[in-house]
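Chain naming follows the written order as A, B, C and D, and within any one chain the residues start at number 1.
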Amino acid sequence: MNARKTMIGVMGAGERASSAECNDACLLGRLIAQQGWVLVTGGRNVGVMQAANRGAKEAGGLTVGILPSADFDGLSEYVDIPIVTGMGNARNNVNVLTSRVVIACGMGAGTASEVALALKNQTPVVLLHWSEAGCTFFQSLSGNRIQVANSPQQAIQLVLNQLEI
Amino acid sequence: MNARKTMIGVMGAGERASSAECNDACLLGRLIAQQGWVLVTGGRNVGVMQAANRGAKEAGGLTVGILPSADFDGLSEYVDIPIVTGMGNARNNVNVLTSRVVIACGMGAGTASEVALALKNQTPVVLLHWSEAGCTFFQSLSGNRIQVANSPQQAIQLVLNQLEI
Amino acid sequence: MNARKTMIGVMGAGERASSAECNDACLLGRLIAQQGWVLVTGGRNVGVMQAANRGAKEAGGLTVGILPSADFDGLSEYVDIPIVTGMGNARNNVNVLTSRVVIACGMGAGTASEVALALKNQTPVVLLHWSEAGCTFFQSLSGNRIQVANSPQQAIQLVLNQLEI
Amino acid sequence: MNARKTMIGVMGAGERASSAECNDACLLGRLIAQQGWVLVTGGRNVGVMQAANRGAKEAGGLTVGILPSADFDGLSEYVDIPIVTGMGNARNNVNVLTSRVVIACGMGAGTASEVALALKNQTPVVLLHWSEAGCTFFQSLSGNRIQVANSPQQAIQLVLNQLEI
């Protein structure tokens, strides 16, 4: 038996996420569920996290939320499996270790830390809604482990490519 | 919507677990799955963790394993959702924060740390296969939040009582 | 060169510490400083932590406080080196990994977790102000790595014995 | 009494650090010690960490090393106070929470995660030996909390400016 499921992370901003990022996060969640993958996010009920979880649940998927807090306050109602770490932003490292591939949807300090920690831990990363400076910088750190997508659909295709490696 | 599932922890030794502890852990996993709860363990493929996950999967349940390691080495093949923390024994705190109730199946230093952290975090605990000294000690710390079971069936009944509070 | 200092932990309750525990913690801090060791505590400005740090500073020692919080709120004014973990009670594992020997001054759920994690990590432990049930329980887990002291002076002697091993 | 010392972080690569980065890290360590500050690094005996600690100790300073490992293997012999976290790269968050200001000496995935986590946690950052893309990217995230230095001396001046705020 091998019960282990394929877990794909969608990381992005909370309160500061833009509408475009949230819309694409929702579609990413939906597409991840349709692939039969489990969605991994930071678990909070705002921004990219909330939107991705909503998309995944609306498509019948399974969702894991890795919370920074020591309790369930602020948990997205679309998370099936909340993991309560109580370790603040250090939980960003758990997010990327747990995800087979990380999709970073939008830039921000927290998300940038997840991209950097993913590269440090050899987890492949797909960037969506990133500036040219952001893409250039992270690709200069680790050329082939990081890829840039222009749409949620392309991001999912890049994840599929990674899973075949 | 409220997607959040009821997550029940079964904590216990790895390599040092006894046959009696493993047999009861397997039954605990089965009973937890039959209740429709999600099983939470330390995720490794030995001892109480392995047995509980096997029992839960054989009964069609869903299993979460919170690993101390930074990769998937040593993961139980009966774990659906591995959480890779990379934080060693500090992950014991994540185990007990994540579990609605913790069943400690057998004594040992790691399990004792989980019982103590659960009490510190106000998570209810059920003790199974504990010595009188162990029960006396932890009950002296927190009388009503910790209970002693004599069988897996009784442990599940005590969990049910806690969920009703 | 080997700059590394000998670091000795004093762990105990915060708000719930008794006067007797605080008095002995203060003396432990003083004696640790007089040995030329560095004091390690949980860093907060209450109970055993506060008293041990005060004792060490009054004797001219150096003090390290490993805080559970993500900022400096509640830091003891007697701590030279605050380590801000932001990881809540999971920082208890950092306390015991960092200490060459842990003196547990008084019982409580948090302190019990530190004793258990110390045993798990093979860090020697000295118990002071513990009940018979507590001593019996932890000695049953790891007979020779844990010792019981009746006074701060005896605790320091037991630490000295451990450092010679 | 307020025993708390001013703690300044120097973060950078281990095995992959360049000679120029190590030379400047050594000078940073020396200058930090001369200011009477405590040096905070990742504590390992390679690259920027080793060089900064050596510089600080040669100037009579006090050094804190926050290790990713669960033991003292690989500890720099120039570290006075090793903090053993056992939490891998998640300790990067402890590094930046503990430092009053972070000097990032050289780029790399681990260091980039520390810059991002520092910004997330509102810790000021000084960049030294960074590419234009790296500076542009992180300044776009948090314009005024991040500054670019061209030399160790200028980095120290920027730290001094921050401490006055």
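One rule holds in what follows: a residue touches a chain if its C-beta (ideal position, glycine included) is under 8 Å from a C-beta of that chain, and two chains touch if they have at least 3 such contacts.
Quick caveat, the model's predicted, so the values are computed rather than measured.
Engineer: Sort out for me whether B-C or A-C is joined by the greater number of C-beta contact pairs.
Structural biologist: Spelling it out, more C-beta pairs touch across B-C than across the other pair.
Engineer: Subunit B to subunit C: how many Å between their CA centres?
Structural biologist: Using C-alpha averages as centres, the distance is 28 Å.
Engineer: Using Cα averages as centroids, what's the distance between subunit A and subunit C in whole Å?
Structural biologist: Averaging C-alpha atoms per chain gives centres 40 Å apart.
Engineer: Where in subunit C do residues touch two or more other chains at once?
Structural biologist: 70, 85-90, 93-94, 121
Engineer: What graph shape do the protein chains here make by touch: line, ring, star, complete or other?
Structural biologist: Shape = complete; every chain linked to every other.
Engineer: Over in the complex, which subunit B residues touch subunit D? Could you list them?
Structural biologist: Touch list, subunit B to subunit D: 70, 85-90.
Engineer: In their complex, what parts of subunit B are in touch with subunit C?
Structural biologist: These residues of subunit B touch subunit C: 87-94, 107-110, 112-113, 115-117, 119-121, 131, 133-134, 136-138, 140-142.
Engineer: Can you check the complex and tell me which residues of subunit A touch subunit B?
Structural biologist: Residues 1-5, 7, 38, 53, 57, 63-64, 66, 70-72, 75, 77-87, 93-94, 97-98, 121.
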